[in-house]
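Inspection log for the structure reproduced underneath, given as structure tokens.
All chains are identified by letter, namely A, B, C and D, in their written order; residue positions are counted from 1 within each chain.
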Amino acid sequence: MRLLFVGDVVGNLGMKMVEQYLPLLKKDLKPQVTIVNGENVTKVGRGINEKLFKQLMNAGADVVTLGNHAWNNEEIFSFIDDTKKLIRPLNYPGKDVPGNGYCQLNVNGTQVAIINLQGRIFMEETDDPFAEIDRLVEQLKKDQVKVIFVDMHAETTSEKKAMALYLDGKISALVGTHTHVQTSDAHVLNKGTAFLTDVGMTGPDDGVIGMEYEPVIKRFLTSRPSRFTVEENGSKVLSACLIDVDNQTGLAKAIKPILICKEHPYVG
Amino acid sequence: MRLLFVGDVVGNLGMKMVEQYLPLLKKDLKPQVTIVNGENVTKVGRGINEKLFKQLMNAGADVVTLGNHAWNNEEIFSFIDDTKKLIRPLNYPGKDVPGNGYCQLNVNGTQVAIINLQGRIFMEETDDPFAEIDRLVEQLKKDQVKVIFVDMHAETTSEKKAMALYLDGKISALVGTHTHVQTSDAHVLNKGTAFLTDVGMTGPDDGVIGMEYEPVIKRFLTSRPSRFTVEENGSKVLSACLIDVDNQTGLAKAIKPILICKEHPYVG
Amino acid sequence: MRLLFVGDVVGNLGMKMVEQYLPLLKKDLKPQVTIVNGENVTKVGRGINEKLFKQLMNAGADVVTLGNHAWNNEEIFSFIDDTKKLIRPLNYPGKDVPGNGYCQLNVNGTQVAIINLQGRIFMEETDDPFAEIDRLVEQLKKDQVKVIFVDMHAETTSEKKAMALYLDGKISALVGTHTHVQTSDAHVLNKGTAFLTDVGMTGPDDGVIGMEYEPVIKRFLTSRPSRFTVEENGSKVLSACLIDVDNQTGLAKAIKPILICKEHPYVG
Amino acid sequence: MRLLFVGDVVGNLGMKMVEQYLPLLKKDLKPQVTIVNGENVTKVGRGINEKLFKQLMNAGADVVTLGNHAWNNEEIFSFIDDTKKLIRPLNYPGKDVPGNGYCQLNVNGTQVAIINLQGRIFMEETDDPFAEIDRLVEQLKKDQVKVIFVDMHAETTSEKKAMALYLDGKISALVGTHTHVQTSDAHVLNKGTAFLTDVGMTGPDDGVIGMEYEPVIKRFLTSRPSRFTVEENGSKVLSACLIDVDNQTGLAKAIKPILICKEHPYVG
């Protein structure tokens, strides 16, 4: 099973990059499942709506994951319950959390689970991601799901690596999101789980994690409120990774980072 | 001017990697200044002492930088004041902070400043890094210092990128440390400052940012105290970057990430 | 049912205050259940051991509660499982957490539950206190437990008040601990639950929340490590509150704060 | 010198309490200087505008202090520079911070300084409050200012107590704000500085620190965005304190907490 995962799509430029390169990547790399993190896809960089979700699916996504910004566009509440291919972090707290934390696909007879999980260090209070993933992975194993992919939306390198090592040998891959910068540590862990601390973002590349830099710097300089706006011009980046999984064992054979940007133009 | 910067050296395995590869890197790449972050070089992974500082210098470091762990080994207070080539973050607060936040070298007639700076988001309370670097860079410019390198020890991608954009065109390079995982975004910013969000760490590679993973996972699972210990076995990594600076303008010509690990063996 | 609750007992001076005044308070106020928070009772101000637990019980405690410092003295693991009258926060995460999060007493035929709960804002990551208390209170109601007291160990005023309002009418009383300073808002909420944001601490009163002030100020001034030590001299305080509960409804009739210190000497 | 200090006035109900009781308090207690914290006085509970500032002054305030919400209503930028009796925290970072961090009054020939200071633990990044207050107090001493009052806007009890002990004997009084709940520890420290960890808030008393409780509880239950609104009905509170200072020494003779609420009706 070959999985393609595209990191946090930010604003209009992020959508442009997806629409321009995702078809090419799919044609060249032939992934069987394509996952896109869409938590920042609105033009203000926070949340998603139904139109943009469909646009991501039309561009080639099979499943869209989210993160801490899942709920920032209120339109989400109107369609997430009926949209099985859009998943929010599994471990959001409370009763009757809208939507689902994972989805299951049948890919030519192989069961594939895509899970969205959120970390807690320096983030919103959520249910214990270790306990939640434990329960879900156990259930998926019982259901004979072999291929399990986790998009772990978290701030610190330590929480993402600890979670990957905790799940090593039990899932196919764990890839981090949220910091919007790709790390260079893609590798298969000792027991067979593919890992990448953070896949990075997709969208404007000249600002600060997708935002125009002047207001961000102003906030750092003054600690006073400052309205952040998504960068609409300049360089763009697409950050992704490609994972090959052995369908029999559910373990990873390889993970390869993908970067398309000014320094790394797409060569196909 | 060619600068080589090696990221956070962790424990015994970190020192081994430095002693094994730094001479080779220097022979092959011929940097004129070699900087090593030594904030985790003791065997417990926190702080530095005089013996280890000298060992880093003997292995080829010209300057050793630190970070939030600067003060964790109390021996530092006995020698940092007299050790100009060992620098702690510039913006530690208080009167009469031991040691210095930067050092200045004369490299074949070119003045080079190496600065250690610490971020504040999700970290210890320190003085404003933006205000402090502003003052220092202005003074260095007056003193005709052309080549200015900043090791910015910080947690978030946003604070490091914001600082780099704030200083773009005014300094030669800003490279992040502290997260212990190398990012894949090394590039020269639009106005000429080289940037890498995090250079990554040097030392044990199988655990969690240098630590054995069982106690770290135990802490995540229980939120109870758990004694962390530096990994003493298994795979090792050396994370670094190479920066070429135009001596006339003080701006960067190129920045190249360096990784030596199981997945990326050293090829010279 | 009359309950007496004594806030965080800190170090040797804290134990002295308990031994000196708890017998007097019990004689004068005639509580049927006496609860003491003992999370800081060791001489270093962190954790508890079996000897000190017994000393608190001998001084008049019926139940001892804890908090985030529950686990700081490792001796706790050797006796908490067998010590039903010593309870740790209900919502510590993980499987097989040592000890219990509540205890149940039969007081002259009336069932009384004492619960220890921990907040999450600016504190260790724990399981959702709202979800955990919900489950437990429902179970206690089924078991015909009428009188329910919660020691909520939390940092912010907002989390403690929100929890009290969430439980208003369902439990007898919620009293906060952890900030070590008594608040002046003891009152019965609209639906009958007694509330006090924080009951305050018991022990040395001249320092910073029980600690000698020089090292604490030094830490604030320098952001460098500084060893904190419990104040062993000077003024002392005992902070407590008295709650009267209607045994039929389980609701509070009154809550009265108690302070014994230099400014408020004990008058009996 | 007698000072009256009223804690964070929240929304419409807060203003009502000020307009109803401040004239009575002034008539009965005869303070020579009346200070009101107005950081939450807009109807949304965040920030201040010119009309509300004037309303507070008309109700009897001589000086209005602020806090972390100083900048939440953008109208502040249009008048704070010209409004010497409205002060924002001294230690906001950056160049040319609008407004002033303190103001100086001549009260029948005695110089009185009112300072607004902000803490850093669990709050916005600001300049070092210890270093900033040091500089200002030294300057005020040189200028023969005897009476110095500090409104320290901070989250934790430890930072407020540490600051008070740091300044003990050098200033007349330090009173905390920000947690919106009055503490019961008003006293004069050993070297003569009056202290109260938090004076508490003024306004709606039934919700969570002035806000309606349903949205606050919803946020705690779900960790999803929830619009907070100021409570417009129900019980009200006014929290304040009265401080008597010796004009010759500048040290405090007494500090007395004031609470007007359902449980503590005003008796004059």
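By our rule, a residue touches a chain if its C-beta (ideal position, glycine included) is under 8 Å from a C-beta of that chain, and two chains touch if they have at least 3 such contacts.
Here the structure is a predicted model, which means the values were calculated and not measured.
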Inset, instruction - Please find the path from subunit B to subunit C through touching chains that uses the fewest steps, and give that number. - result: 1
Inset, instruction - Answer with same or different: of all residue numbers used at the interface between subunit A and subunit D, are over half used by both copies? - result: same
Legend entry - Distance between chain centroids, defined by C-alpha means - subunit C, subunit D (Å): 29
Legend entry - Separation of mean Cα positions, subunit D and subunit B [Å, integer]: 42
Inset, instruction - At least two other chains touched by the same residue of subunit C: list those residues. - result: 93-94, 125, 220-221
Legend entry - Of subunit B, residues touching subunit D in the complex: 93-94, 120-121, 125, 127-128, 131
Inset, instruction - Show which residues of subunit C lie in contact with subunit D when the two form their complex. - result: 122, 130, 155-159, 161-163, 165-166, 179-185, 187, 190, 197-198, 200, 206-209, 213, 216-217, 220-221, 257, 259, 262-263
Inset, instruction - Using the touch rule from the top, collect the residues of subunit D that touch subunit A in their complex. - result: 71-72, 92-95, 97, 124-126, 220-225
